[in-house]
Amino acid sequence: MINFALLGAGRIGKMHAELIAASSKATLSYVFDTHAPSAQALADKYNTAAANSIDEVLKDVSVDAILIATTTDTHVDFIVKGAKAGKAILCEKPIDLSTQVVTECWEQIKDLNIPIQIGFNRRFDPTHSSLQRKLADGEVGVLQQLIITSRDPDMAPAEYLRHSGGIFRDMIIHDFDMLRFITGEEVVEVHAVGSTLIDEGLAKFGDVDSVMLTLKTSSGKLCHINGSRRCVYGYDQRIEAFADNGMLQSTNPLPHSVSTSNAAGTQSQSQLNPFFIERYQQAYQRQLESFIDALINNIPPSPSFTDGMQAQILADAAQESLDAGITIKL
Amino acid sequence: MINFALLGAGRIGKMHAELIAASSKATLSYVFDTHAPSAQALADKYNTAAANSIDEVLKDVSVDAILIATTTDTHVDFIVKGAKAGKAILCEKPIDLSTQVVTECWEQIKDLNIPIQIGFNRRFDPTHSSLQRKLADGEVGVLQQLIITSRDPDMAPAEYLRHSGGIFRDMIIHDFDMLRFITGEEVVEVHAVGSTLIDEGLAKFGDVDSVMLTLKTSSGKLCHINGSRRCVYGYDQRIEAFADNGMLQSTNPLPHSVSTSNAAGTQSQSQLNPFFIERYQQAYQRQLESFIDALINNIPPSPSFTDGMQAQILADAAQESLDAGITIKL
Amino acid sequence: MINFALLGAGRIGKMHAELIAASSKATLSYVFDTHAPSAQALADKYNTAAANSIDEVLKDVSVDAILIATTTDTHVDFIVKGAKAGKAILCEKPIDLSTQVVTECWEQIKDLNIPIQIGFNRRFDPTHSSLQRKLADGEVGVLQQLIITSRDPDMAPAEYLRHSGGIFRDMIIHDFDMLRFITGEEVVEVHAVGSTLIDEGLAKFGDVDSVMLTLKTSSGKLCHINGSRRCVYGYDQRIEAFADNGMLQSTNPLPHSVSTSNAAGTQSQSQLNPFFIERYQQAYQRQLESFIDALINNIPPSPSFTDGMQAQILADAAQESLDAGITIKL
Amino acid sequence: MINFALLGAGRIGKMHAELIAASSKATLSYVFDTHAPSAQALADKYNTAAANSIDEVLKDVSVDAILIATTTDTHVDFIVKGAKAGKAILCEKPIDLSTQVVTECWEQIKDLNIPIQIGFNRRFDPTHSSLQRKLADGEVGVLQQLIITSRDPDMAPAEYLRHSGGIFRDMIIHDFDMLRFITGEEVVEVHAVGSTLIDEGLAKFGDVDSVMLTLKTSSGKLCHINGSRRCVYGYDQRIEAFADNGMLQSTNPLPHSVSTSNAAGTQSQSQLNPFFIERYQQAYQRQLESFIDALINNIPPSPSFTDGMQAQILADAAQESLDAGITIKL
């Protein structure tokens, strides 16, 4: 049994608490949140303790791992403290909005050899990971081109967006990780364009709501990502992999399937999942199990801290490409 | 080259004329129709002759084959005359509405060894025939249950229906043939129910517009046919074959495929083909080629006259089952 | 909060325990099973008590409802005892294998006015119930024909089948209920055929493994059910409703969706759910919520005891039709 | 009736001859080809004359229109001659591989006011044009992003490719036209990347086999095109249009549809159309009818000569972007 302390009792923290509680290999000993009543309420729900401070958690030797689901600006501090206290760490993405801060964090912890995993949950999605595995198994030969469609259902609040680090660091970072996961290669060129087609107000803080990227990997594979902050038909998350012997598609799973045929054609009432918590429910669960299994079997968890750094570097490059209107070489 | 005379210049006759003209292995020498202007118009279109009488056609030794697309009540007369004149025959279904007449016809021609094929065109539909071939090839093992969905887009005119011989002999006869084609077995039991759910007026002449049948084959395979005279979403023609190692589905081919996704779900504007001429266009073409190839290669064409008789017998049994409310054993 | 006692700690009992535990409107006070260690283990898992006897449960006034998930032969005894003790009842289907026993049970309890619901969970399946609602809302007009496909993934053990009451009472009873639920009418005619196409051994105790039924409702709607004890491609559960203004299809929801396109065509690796616990997970959950809501709001739960009786009567009629080779009028 | 002379009796010329012959509004008077026997053979097939020279055709006042289906390097010469002779012109794409030559051609003919249409047949594809119309009708609101997938089944012969003008001018030019057709806007930025992932030999003459492009239109819409010279699963031609109220997909029409379900999942045997003649058969037919109708109704045919020029300019920009590794502004 892996004994967890959960840092962060917000929306995503609540989901993690539920997953830890449901796991047969995990226990939850603490919930910590800077907003004490939230921590207490969540702790009560799972018959566990609310921690008064992060130190209280870290000095408890019964705690094996910390799951960091607090706001992004606190991640690095908690990672460093947790690592120094010898705790295994599962940290929500992104590590930090600044690649420099991420790099400095890495300098502080890399020699501690603490098991640390970054929350790129989509690697554990049954559909996407099946595509990756088939590709890795050579089922359609050698990958040539990759297309990732990544469209959020709706704009986050303006205040959130203002501090989000921009669409690449906040949202597309998941797709950068998927690209690395699926191609198994590093990116050597990034070209990004963007527009404010949904909310012109984003321009005030240099952000966009609609983007298209072209990325080239070390062996010359061509990758495209399209992203949007608003998608009225639901959370659209698809991948297409064109290879020399065939093509793989990971399409949106449909919650259920009733269709109506009439003189106008066929109407499927099935709607996409509304957002990531519903869409990637299984992925979050499998992510947790993967982390736990790595701890139990004493193997390095994956995706690693450096996977988190690499995605960050791609986000920076995309932002620079967008800002300068040029292709960035890496 | 096979030289054809076409009997019948109505809707279906026009289609056959076009197919003969388009075939690289066939020529069209005559068009005959009791309505002379129709024959003349069609003959003109294809730069060929309108025959004044059936005898004119039959005594011309250059005519290899007659294609009978006249009204049902003339089929047997033309078959017998054609066979006696030594012409190969491709005759539209049904042979006749009376099984007794069909049987008597067979008695007159069976010893003449004339190549004769009955127009169960669906055996040549790329989709349905592919299902049959996969099943015959054992791709999903041994067939256990078969479901045929057969729904016409709309009611034929009342006058047509009054003389149609009823839904089983006029419409479902195609499905009886498909059942025999796909199972490769004879039917030993027929149970039919029907209702007038579309037009109660059919009851006046003992007909129904909506039917369901259960048929059992010699080895115990269970078959279901559902049929309707009206289907607002188009011409619905599907087959499902359940076998011990899998299932085959022949679904409706869609003319084209644009879909709209919005907050209400996904709407495909693709509509089914309106009716049999569009749906079974390729089937009619391949039927003609199959007949021609049989003549050229001197092998018996298929489906045969006796296939036509067997479908007729099933139609009679279905009608008897419906009328008497009992299961008919064959 | 509705306080439950669970009777039966087998496979289906465990699932119900989990659902009760997960419900925010329910508590679980007792688990009873004739096999005491099973009851104890399940009670321990949910921090509740194992009951030593059914009487211990029934005399506890804090128990609002009993959920009967024991073997079929015990259902009626527990229903009568529960009803006399004033407990609300949610009982797994079928009520009993004998319609006479069911009827006698009804005589004993009908005047007690106890809320009682029979476990026809499929009425709560999001997909099937959506079809029913759309039909009831007139979205495609008036229903004319209904097709239910109901195929289990694999044969149950021979010992189970021997005492199952036969395929109609054990398996197709769900489909009889769906038919009544969707048509909103009573059946007036039943015709059933069956074969032993999977295991001839079933013939020894008069059972079959493959069935097709035609049922006619009071207004003349035509319904077809096809069923099989073995379906190698998974648990196949579909409904098609043909109406005068269109058609509704409830198809198999797919767990996830990756497809491979290559020179051979397109292969979807998505498999159907293996069996009812996975397929109808949401249905079981919504069934429980529906029962709880009925109790809280003091309205009669549905499907009712008489719904259970009616499905039983259809199962008897189907068996009689199969045995005698005739159509049964009701 | 529009009287045509066909220039070019190669593969595409044969298809046009067949379409002209089949049209009820067109006649075919001449076939011309520099290879006289090819012209004669095709003329014989349609009972018409083989022209000995282009002049013979142009001085015949009964000829209303010329259809240019010769090699690309002859297009401009025939366009200018045809225009000066007062003939309406339907010319296969591209007008010429050199934009300068195209521009000079335009200078010579623009004041002659001859009806001239460029053979961007895909504008007439039922599926793609339906998407365009729905978008223009505002069915999903305002377009934001567009994705065009354009993958040929296999590499053309090396000799053809060497003189093809490169993948952008030879193949992707169709997609540039589709982009302009669907967005209804001009492109202001082009970014292209490419790799030789199929045949490294292409690098010898500066070509690539796999490309990805990002294009931005005047209002900031973002467009992506992915292209490949080889696609083992068939001719893959799809369009996705993301708009503020929904999404439109134009997917590959399937010739027919049989699927096999077994323990491994569901396999559709339907394959994509092999190549453009099969895929765009209806488009070519509707293109011809559109041209004829424009002549009959005395309206300018579309897509116009300048549409052809604009696509050419985009192809040049893409080539420049690929060669220089920069984004090209227009």
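All chains are identified by letter, namely A, B, C and D, in their written order; residue positions are counted from 1 within each chain.
The definition used in the following text is that a contact is a pair of C-beta atoms (placed from the backbone, for glycine too) under 8 Å apart; a residue touches a chain by one contact, two chains touch by 3 or more.
Because the structure is predicted, anything quoted here is derived from the model rather than measured.
Looking at which of C-D and A-C shares more C-beta pairs in contact, the answer is the pair A-C. By residue number, more than half of the contact pairs of A-B reappear in one of the listed pairs A-D, B-D or C-D, namely C-D. Averaging Cα coordinates per chain places subunit A and subunit C 40 Å apart.
We define each chain's centre as the mean of its Cα atoms; on that basis subunit C and subunit D are separated by 58 Å. Contact with two or more other chains is made by residues 232-233, 245-247, 261-263, 269 of subunit D. Subunit A contributes residues 142, 144-145, 147, 149, 151, 189, 191, 193-198, 210-214, 216, 220-224, 226, 228, 230-233, 236, 242, 244-247, 325-327 to its touches with subunit D in the complex. Across the complex, subunit B is touched by residues 232-233, 261-271 of subunit A.
Across the complex, subunit A is touched by residues 126-127, 130-131, 134, 139-140, 245-263, 269 of subunit C.
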